[in-house]
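Got a structure for you, questions after.
Chains: A, B, C and D, in written order; residue numbering restarts at 1 for each.
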């Protein structure tokens, strides 16, 4: 057991939260009777949401009075061995998995956050990113709050603690009215489990039920894993409260234009999940089909950049009647252990992660489908590998439009300077990748592929139109038209 | 650092090696100059071979005089963090990954084995399984040998140590003449690296070369990862010796009928590897195609039991012109961490590992392709899941013949009593699985799909004809004809 | 890295701090230049104060702007291996060692506490015990504070954060005015190091200086270890502030009657320390001499209950001219490792900790000197051991008066019901111990042995007169006269 | 769990055992019934023998058929937490603690050693040092033995395994006939526990009994801790065999002149132990008294170099009627944790281990008694500390003769070049120490103080007369007469 903390000072103005752009997963359980083992169910839920965050995992459980918490760096299976799980009693719980792209990770930034305040012990788990954190931090510090982490989530805890509402449910609602940005939040307070989704419903959140318990989950795959059925997705600005009296819905803050994160569909969510009525795998297949219709190509074989391009590749191949095959083998052990191969190792072992099946691709015209290109570093290497394995042509097809703008709502798509499409033309990118051609799906194609949700998406990373205004907005929104390039 | 050992006594006769049927991977490096970092290259090779064994990993390195060893329970990335790797000097090395199906695992059974004998320090890594271990154990104990592990590999070490040969190379050859069974062995002794494959060439083994070093690897994917090209596969009974004078081939023991393990192709090896001239992915595709030809079916969709059925499923779908899709999502985090979900967890979380994409399969006639069925436990659950997700029909097609006989040569296919096909008819199995139909590839189809290697396979687990006689043979070899069942 | 926390709810009133009676040690460093390695110096200081707390250790360091913290369960040497120490930069620091008598120990109750507030990051280490914690807790929660631990120290942090003072020094002073009880506190805030001692100066605290740095330490042995000389002890209610301008003294709260804890002299402090002008070893020798004068005895040998009785035993032996010898050997390894022998072990191994030297004590009349008797459990066993080793007579002499009242100021002398002298006569205790005689030093003798400090002591555990009133006072203060008993 | 091993090659001649001069402790248990918990009793015994070795600890236990082993780096309490202990069944056991002076320590050199041979599993624990290890190593390697460690103990295991005797007891006896040097060995084989002491009885070994079990222990303090009574010390060349038939004594090898290590009495053994009839504390007191008679001195105070000089200091003070006091406080936490303070720390913290009590020694003429001086580094620092604390005179008196010759029998007294008395006159040493006078006990005085054992000691480190011839003997045995020096 160890606790590290670090804090820049002396004044709050210099102390901006240090990892504002994480992606996370949240999961909550409310057992219908005291005998329900909430900790084990939360473990399963977090296991299903592991793809949303591999850096740390945690859960707080309650028997209606006492709250116990355990959180640690690492994957769910490492953080919660049997002896830890069995020590976490209670039939109510809230869990969290967290991802951070930087090396400096700290256990005190792991979630849920637990504190004791006038409403008793309160535990909070948060997926998303607030955009007015700094203002709230300054205000709360001026009023005498003490901060223990650098998470925007802690702001919520303090807002709750300072509420003058009669009960904790109203206190949580009051806190919500102060928040700006993207948030799907679960709050456990005593014998109540509450969940809220921001007014634009940017991050996913759904409610499920089994015979034994109610569940809140970032994605429906969490419900499936515990054998629960979906009740429904939480609406924009909506709050769900579960306690001894059952489930209640209320509007915590007024709903605004729905703007569900499109990147959940493009890359982030699990293919078997359904978000706000749309299945992720089928959406990706339709993106692949749309891409095929926009840029039909003659080729011997369609392959996917594993694993994220598979759904779109199948759709693309089907649409054009070109055989789909697995031209690249992915080492299933890379990136799954907490200890990663060092930089030296990655350089020595160019093929530690991916290997082409040379006997398959040699002499062939290959179309490789990827879900998106962020910085392009992996694509360069993959295309080079395919060529040295003997591929005659390598066409790079991307089942989404170019990512040109950073996300401020909880997905770390890198700083703008690192987004290859932000400062290069498609043709420059194609040359950089040394692809025979490079084609991106159009924004219109993407929107159409999203079906009924097409008009209710946050597309900010693609078109620069941010649904929630940023305190220091104004980043250029250069309109870009071209989306395809061929070598000549 | 800890060492556990346990040993049943008092007499050797009661002390049979306790895990005779593991599958493993071996990797060796011989740097062409002293500056070559053999440890890092071995790390990469073992990383690529990780699928051959996840229980323990180890390597011994040599600078031509001193040998240093490090081995531990766990995955390669856990066993060899940077600080350990950088402490392992030397330009020659031998590494090993080991798999064991039982819970009781012990670090002293990890490999390589290192001992000091008259030839100096000798490190040995072994993939395969000897069938005359007990006889050799008894003989060596009677002559005064002291055993530290329960590995058949230790027998090899003692045979070398007791040789009266002038040099270690001849001593290793002499030891080989005493061994019966399957073995691909790498021996590091001082400044020599030696490798041998048994007279039937049951387990794979190949030799590669880069600008800096020579390599020995269980599979070619190990060579690819370090950027080496294949020189050639080691032949039956052949020995490769690498030292300051370069590479020499010799016949350690007379070659016999080649009998390469067919299960490496069916299930075990990585799809991008090539064994004795045949690419694994393409062989699997051909098995799928053969299955399609033997049992054409009308269906809406072909899906694979992930991930091992994918290659065959693509071949099957292509042959019949039925769309291939990914009907099942696999949680990429299950089974990759050293700590596994407990039994309780597995029961609670029926869908912790696999989840159907309901929106895809609902109302469809689905053919699910698997590479093989051993005990059938996973298949039962998967078919049930597909049905509850709404699939109209579920047809189970297996791209290999029924596994009816245990393997004694290094793959743990379970005891015979646990092999479902060993004591049930195909129809009984189909009913047990609750599949609409169940079809297995014929032995002839399999052999044909294997192309030039078709006549040089060990098919013992399928037809009971063991290439190396067993000390206590005679298990019934009931001839079984039926391979397909349909519900009526 | 792991963090556990647990909190009883739902309302604060049920959530009293769970370990109010710990003894601790504090140490602070203010380097005179940025190059001073405060972390290493703090390590040494804490090492010297390790006897004041073995449960957890921690330190926070600052370069004048950023504050970094590391704390963990275990001994100083375990918590701060080289790689951790070298990662803690900065020339200012505050450290803490903590002791807890109960099994449930939690890393989040380790100190220092670090939080960020309007004054920037603030780290606090505390030795002592506040008696108005619960009132302050309730008040702060009502005002919206969020608590992360169950330490009274966290109250201080919140009082500072809520101050409306212009600077942090004044904020700390303001907080002090709210505290009741015993406290020696070190506060690190940005580039300032502050230290305060409660108005009665119950717990020790001193200021030292070397060529490179200023130091604050619970005991002078901390100063000796880093080669610093004592400037002076901090006075009652006094505050020391160290920053770029050097050292400043101020009166944080008005001084009251000095009441230095007598148990520091009797048992707790290290013999080479000097507290408020009195050397501990010499004070103990004088207690032994006083005991000899009060109860002269005829005996062959004086021995000490190791190690705490040694100083008094030497004084006692010298005063009566009886030879002093080491009749009991203490296993130097018991209790020094973090993992303690289990209860079973302790029962099996009656002599795991102490062993008599039978050849020495056989046939002898032995006087055993102990510093004090709290529950008497060890004394019973020791006397029994000496008898079974052949001692003819065993006289138990105690170099302090009977402990009859609990301490509320930071030393855990057990609950009153467990204090053997609280509900038994001396004669009953002697019979229980099966000693030939049992004599305690008189209160007057003790006071005289303390020399100039005699009139400025907290003697509450001996006479029930508490210098700081308790919220729920009124425990009976039965006056007890008898102090010696002999078997007849 | 991890295993490291390293081995220099290529030929055995270069592979001398790397830590030939360790001091160790051994402990064995033979339960009189199967219900006896041998592991817990061995834990207690090793705990009592912890001073004989702090580097690693291990034990092997047997239920009469199976043998289980656990060994690890670290102190007994760390190596054997409850969960490990409770997993070690069996009523027979052998345990070991090991010390090594060098930093490179390896778990595979921890003891006991366990191997399986024709006699079944055999576990061996060894205290002492063989002087013909290299010859035996060479011979065994030539005959085909494989070595796993660099311990001379492994030679014993191989000699047993190669025996042609009918039973293991005779095989052990046969092995003993090949050994030269110092050894106290415990062998566990199946349902037999055997113990042997070398023909000179250099290292201690004794046999005890309680109601439940028989015990073998390096020192009697091990017997005391488990509540056993001493049966008797094992004689020169004697073997003790314990099995279902009870205890049998036999002469494994012919006894030779008894030569019990005098350093066990001077420094190594615990004061409450008795070796071959002589209590260690009383022997040390007599050494102090003899020193007083040889060099009477006028002084104000006698102090001990803690803790090893205490017994002698008490004897010295008593003999001259000078008050004994504790002038130096030792930090009880130094050296007790597995992680030691780093070199940097030791330099920064001159007083991390010892601190003078300035108020006591200031202005005084102090005699400091130490048990021995090996390299003199600590003495220099201690004397300097006493002077800077104000001592008027510091006289260094050593209760044993100068250590001038290395030990080859299991105590690491450093290489000869590092022994300060080996190449400096007493006067030079005194000047180096900056002592006012320096006096050593005479060899005659030491012998007399040893009483009946006086003529049966190994004094090789003092007089260079080695009882067992060394293979490459001939180190100069310069006769040195002077033993005292005073500053003038």
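Everything that follows uses one rule, which is that a residue touches a chain if its C-beta (ideal position, glycine included) is under 8 Å from a C-beta of that chain, and two chains touch if they have at least 3 such contacts.
Just so you know, these numbers come straight off a predicted model, no measurement behind them.
**Q** Applying the touch definition from the top, give me the chains sitting in contact with each of chain C and chain D.
**A** Neighbours common to chain C and chain D are absent.
**Q** On the document's contact criterion, could you list the chains that touch chain A and likewise touch chain C?
**A** Shared contacts of chain A and chain C: no chain.
**Q** Most remote chain relative to chain A, going by C-alpha centroids?
**A** D
**Q** Determine the centre-to-centre distance between chain A and chain D, using the mean Cα coordinates as centres, and give it in whole Å.
**A** Using C-alpha averages as centres, the distance is 61 Å.
**Q** Round to the nearest whole Å and give the separation of the Cα centres of chain B and chain D.
**A** 50
**Q** Can you give the whole-Å distance between the Cα centres of chain A and chain B?
**A** 36
**Q** For chain A, what residues touch not just one other chain but two or more?
**A** none
**Q** For this structure, enumerate the chain pairs that meet the touch criterion.
**A** So the chains that touch one another pair up as A-B, A-C, B-D, C-D.
**Q** What residues on chain C touch chain A, complex-wise?
**A** 1-12, 15, 65-73, 107-108, 110, 114-121, 141-148, 157-158, 161-163, 189-191
**Q** Along chain C, where are the residues that touch chain D in the complex?
**A** Answer in residue numbers: 40-41, 43-44, 47-48, 50-51, 54, 75-78, 81-82, 221, 224-227, 270-272, 274, 279, 281-282, 307, 310-311, 314, 318, 323-326, 329, 331-334, 336-342, 344-345, 348-352, 355-360.
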